[in-house]
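The same subunit A turns up in both complexes below, where it pairs with subunit B and then with subunit C.
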Partner chain A sequence: MASNVEIPRAAEIGVRVRREGRFRAGQRLSTFGLVGPTVIALAIFFLAPLWYIFEFSTGQKWVAPNDAAALISGELTSISGALWSDFFGDGVIIELMPNLGDQGAAHVTVPAALIGLLFVVLILAAVMGRRLVPRYGGRVVGFSFVALLVPFMTLPAGDHILRLVQLSSESTDLRLFFKSVSMATTSSVIAVLIAFPVAYYLAFCVTKSKYTWLLIVITPFLTSYLLRIFAWKVVLGDQGLINSGLASLGVISADAPLTFLIYNQFTVMIVLTYAWVPFICLPIFIALENMDRRLLEAATDLGASRLRAFAKVTLPLAAPGVVAAFLFVFIPSIGEYITPSLVGGTKGYMFGQAIADHFIGGAFDWQGGSVLALFLLTVVLFLTAATSKFLRAGGGTA
Partner chain B sequence: MDNGPFMNRRGFFTASGGISIAALLAACGGDSGSDTPAPASTPEPAASAAATTAPPAVATPKFDPASETGEIKIFEWAGYEVPEMWDSYLKGPYNATSPLKFTFLENDQQALAKVASGVQYDLIHPCVAYWPDYKAAGLIQAFDPSLLPDYEGIPAPVRAGGVDADGLIYHVPFDVGFSTLVYRADKVDPAELSWNVLQDAKHKGRMSLFSDDVSIIKIGHLINAGVPVNPNVMTSEEIAASMETMKKVAPNLRNFWGSQTDTVNDFVNGNIDITYAWPDGYWKIKNHEKMAGVPIEYMWPREGRLAWVCGLVLGSQAAAPGRATAAVAASNTPAVGAWLTDVYQYGSAQQNGVTDLIKDKALLTAFSLDDPTAFAPPRAWFEEPLPNRAEYVKAGQEVKASAGA
Partner chain C sequence: MSAASAPAPRRRPKGGGGSVALSRNGRVALTGFFVAFLIFLYVPTALLIVFSFNESTVAAFPLAGLTFDWYSAAFENPNIRAALLNSLKIGTACAFFATLLGLMVSYPLARRKVFFKAGISALLLLPLVVPTVVLGVALLLLFQRGFVSIPLGLGAVLIAHVVIALPFCVLLILPRVASIDRRLEEAAQDLGAGGFTTYRRIILPLIMPAVLSAFLIAFVVSIDEVVVASFLTSDKVTYPIYLYSGLKFPEQTQTLIPIATVMIILSFALAFAAEGLRRVGERRVGLRNPVGR
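Moving on, here comes the complex of A and B:
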């Protein structure tokens, strides 16, 4: 038998190796052809500006190339550790029921680093709880989520915003940051809560033309964002649609409109929620649509109620979509600039506006603005990295 | 494994990482030597351009527009690009070969940052407080006064703000105007005709101010003084005191507006009763159909109004500085000054016979354009270059951030 086996000659082997080598080189070239432009664009338009911002924030490496650039470089002669120190302040004040009075029901001041560490631990526990504590992992995850969300969740309360727990600081910028986190968290959670049923209905209940319906859901995106914000001003103004409607129904007096509808944090959250709900239907819908329906049948066959099947099967499998949806709202919202500028009023001023004011204000404090921008970026990057496990299919079940 | 047709993940990331770093280094290449200060003997383009094109310290520049070519790039406020403002230049001999090309600025800060970042313009329209920044950065050059025949028609006190210590003209004033409160006279007590009305809790949530940080601090100073006092020469202590006052004022405000159109809309739609506005804003509110029958007034606070002067500066690298100056001269005529008031309700820096040319005489009374005392202290505080502007700005930002935090 062995004598029948053809042994390739050395020359043929050489040809094959060269051919394969060329093939692989060609494939590598096509890989870079496909992805390379994006990578290069990212490097030039994202990483390079980021590097400049980092240099601005440190204040150590930047030397203005000319007098004109020095004008906008701010005071870059000193090491900016002091700026970071100013930003974090002396400590974080935790207030319980802050709406009860100046300092709320109770308050305590703790070092900012400790609060930062606590958040890192809570986020990691929320992500890795099941792996770290096998038996009580579910409770650890649940507790961590609640502990992360509760301090930042808000409820509208007349002209004010009601918080059960509020993080505050002597540092104005850090206080603004906590407020922005709070507004972004509330908007994100509410947007997800609104978008989930819509996506669920489209995925499970609509049988015909579901993609047409999906297109209809995202129709608001066909109009300009600015236009939609101005539409809200028309709706929420003191003589706007809601107030005029209520006045004509006799519910309120025309002379005493509901003033809390516009120019406060509540308005910003309404607009942010509205703006993102159609968009985040998409990731949730895709997660639900790709779910293996036989798992639900199996759960039912094994005696699970519809609610239990939803909690134990549907929700964990939809987790990647839900987390993606949350991040899609949270990340742009926390650094929002245009929405609070237009409908936020004095109370709705957010962290993104503070960053912009540093850069474009008459002081040209690019160093201070860079410190704030870098801090925001760090928080967002950490959050995204920590929750990236959920973004993978089935990640929520781990 | 590396058997697939495509390279594996590690290989791809290694290669793409290399490309990213290379691109990053290329993008930051100009800055690679920034660890050490740039040697003084190798000035960068803007500085060297200023050194070569700007005249000696006290020599008056001389331009020859007839021998120049090239278009005139103008960084201008929207609304000032209309032919009426440049009429005599457009009808003159240079327009054919040196047409005017406009780009629009949003505010002084943005304009300065953009020009400082390297974008070249031949003419820019900053307000008087900002031209020294342009000059310090080597971004502008002095005008040739022989090409500005109507310059003397600008009152000397207004002209003075645009002239440097050597007597060279860097800023040719064009538009002047008040910045004060527009209010509903049926809601505000005549005894409250003061900036202090902003502290009155009776108007809480019904007032609005411009988001400009410097203006916020100036207003706080006038409130603290309670009498006319120059808000352009504040000490650090006065700025801090003003900031504290404005932190108390801020909760009474409904918003800080960024665009005057927004606050005009808020006013006529009943969201506010008192707002900071420029003359055209006041005029739009007063004459808006929704305000028919509502008494709208432009406040003359007992501490004095704030006021501004804006004008044109000449880019240090202007290809045709003489022709650019000719364009400035065209905008500096009495006819354009009258047009400015008739159309935009702004005062004209050019005063020579302007009041006679203004068609709508009601504007003369409404804005006291025929009253010389109206545009001088203690009734109005024109803006001036502020050596300590950064202090004003940081305090103003603190006010806005505190109100929202």
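Moving on, here comes the complex of A and C:
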């Protein structure tokens, strides 16, 4: 069969080797030519701007045209940590059961750095506990997750918000940050609670055209984010579709609309959930779909009930997807801007809006705004880096 | 998939009927939940579309009658037309540049030794993580007080949108390049094709669906982006900014609904086309699972 394959003569081999040598040199040049422009563009239009936030936040740059004008406008004109110490205030106030007694709630003030350190340790323990603590790793991870989530879980109770533990501060901005984190936590938890059954249904119950249904679930996420939030504003507003619908049915009077529907924290949380839930069905679905079904069958063959098999087999195997799903909602929600400004009103005001308002809103304070922006950026980057294991597991799918 | 059709276990848990994963009642309950979920997901947008045809000056029940007046009113408004045109221009330019840059970096990153590859890959994806408010503020500082002073306006918005859209393009194109069988390239080169010819005749046709999909997604990202754009525009506005600033006046809501509907349908169609292309592309390079791994 191979008898009529021509064997290249020595000279031809030489030509090819020489050609490949030139090819390699050309390769190195063209690699640089292909990657270089993008890297340079990102350095100028992405990294440099982030550096300017840092410079502004430490008083190395200011908006006023000169020193004298800066003194009048109250800006810093030399390197100083003053804005940062203002931001962190005197410490973080931890209140237990803040809704039980109005003034009687137990509270204790802790330095902000200590709280920060505590969170870093808890997050690292939640991510790496299994590797660091060989025997009780599972418990360490579980405890860290609970300790991270519980202080921030909120429940709406009439007009106010019900919490077990509340972090607060004398510093308005830091307090607003805690509020945003707790809103993001709650909406992420709700989103996961909704997405899990949907993904479970798709993975285990749907047999015909499974991926078409998955696409139907995910498609809303691919369409305009702004418009999906806008739709809720139209639905929930004081003269919106729910209120006008109920009024035309005679359930409520048109002059007394249900005002709790919009412009509060809970609406922001629900709409955030709505915005992200289609997307996070994907990582959970992938985790469930990749699970070896024979494990479930083995569990039931060995006498486990469905519930027990679910708790001991399905849930642990789906856990990385669930954590990824949580983070996919949580990380962007902390700095969310569109949703609270459309449906949040003053009660649902969030950290991202505060940043924007320092720059284009009423207050024209670029240095103060930079402190907030850099703080948010640091938190988000730390979270992303610490949890990249989960994000990659869930994100390789997107 | 294959595991699901594996032989049935001998013993099934009590409750009968359903599979190992779910009892029959559980299945019914979950189906109900799934239907409710789809309603929750699609009804707000569907209502918006219905009310864009409503013959009334406020978006409120009861429905009054069918009319196209809101559409003709909206698109005869010169401000809206200008905003739409601006968005289409920025979107197209953004899609072009982001796809081009994504295409340029993907091949070396997938195939060659690149100095500091992990760092460069992280840098390319980083804009995805940075909150849009922070990015908008940062670019405002750069353009106003930094070493490149670019006047605020559509050009500044375009630069920002390319930065935001680039990670999406890289995420769509790079895995496709990486999944191409290396032997195809080696065969082409053994047959005498040079580097560029191999790229043009072998790689490019195989990743073309992914490239088109990246183009569409970058376009959608740009025409939908409002946060960064609102920091960087001057007097000329884009379509979403027009919509967003109109929202401050509740009495205008009804006039904004047709604009919103057009954008929802546009982004829906484009995203659907992009997803379709992505699947075609995966089939072309021989990946079976449509969700991708």
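Keep in mind that, in the parts below, the second predicted complex is superposed on the first by the 263 of 398 C-alpha atoms of A that agree within 3 Å, B and C clash if a C-alpha of one lies under 4 Å from a C-alpha of the other, contacts with A are read in each partner's own complex, and residues count from 1 in each chain.
Simple rule for what comes next: a contact is a pair of C-beta atoms (placed from the backbone, for glycine too) under 8 Å apart; a residue touches a chain by one contact, two chains touch by 3 or more.
Not measured: the values here are computed from a predicted model.
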**Asked** Once the shared chain is lined up, is A:Arg163 touching subunit B (first), subunit C (second), both, or neither of them?
**Response** neither
**Prompt:** For A:Leu226, is the partner it touches subunit B (first), subunit C (second), both, or none of the two (neither)?
**Reply:** second
**Message:** Just checking: does A:Gly237 make contact with subunit B only, subunit C only, both, or neither of them? Give me first, second, both or neither.
**Reply:** both
**Prompt:** Touch check for A:Thr172: first (subunit B), second (subunit C), both, or neither?
**Reply:** first
**Prompt:** Should A:Tyr52 be classified as contacting the first partner (subunit B), the second (subunit C), both, or neither?
**Reply:** both
**Request:** Give one of first, second, both or neither to describe whether A:Ser370 is in contact with subunit B, with subunit C, with both, or with none.
**Result:** second
**Asked** Does subunit A have more residues touched by subunit B or by subunit C?
**Response** C
**Fill in**
Both partners, subunit B and subunit C, contact subunit A at residues 23, 27, 31, 35, 39, 42, 44, 47-48, 52, 61, 63, 233, 237, 239-240, 342, 359-360
**Asked** For the complex, which residues does subunit B have touching subunit A?
**Response** 5-7, 12, 15-16, 19-21, 23-24, 27-28, 30-31, 34-38, 43-47, 50, 107-110, 112-113, 115-118, 133, 136-139, 205, 212-214, 250-251, 253-256, 258, 262, 265-266, 269-271, 389-390, 392-394, 396-398, 400-405
**Asked** In the complex of these two chains, what residues of subunit A are touching subunit B?
**Response** 23-24, 27-28, 31-32, 35-36, 39-40, 42-44, 47-48, 51-52, 55, 61-63, 65-72, 159, 172-173, 175-176, 179, 233, 237-240, 257, 259, 262-263, 340-342, 344-350, 353-354, 357-365
**Request:** Sort out for me which residues of subunit C touch subunit A in the complex.
**Result:** 3-4, 6, 9-15, 19-23, 26-27, 30-31, 33-34, 37-38, 40-42, 44-45, 47-48, 51, 58-62, 101, 104-105, 107-109, 112-114, 120, 123-124, 126-127, 129-142, 145-148, 159-160, 162-163, 166, 171, 194-195, 220, 223-224, 226-227, 230-231, 240, 243-244, 247, 250, 253, 256-257, 260, 263-264, 267-268, 271-272, 274-275, 290-293
**Item:** subunit A residues touching subunit C - in the complex, by the definition given at the top
**Value:** 23, 26-27, 30-31, 34-35, 37-39, 41-42, 44-50, 52-53, 56, 61, 63, 194, 197-198, 200-202, 204-205, 207, 211, 214-217, 219-220, 222-228, 230-235, 237, 239-241, 243-245, 247-248, 274, 277-278, 282, 285-286, 289, 292-294, 296-297, 300-301, 303-306, 309-310, 314, 331-332, 334-335, 337-338, 342, 352, 355-356, 359-360, 366, 369-370, 373, 376-377, 380-381, 384, 396-398
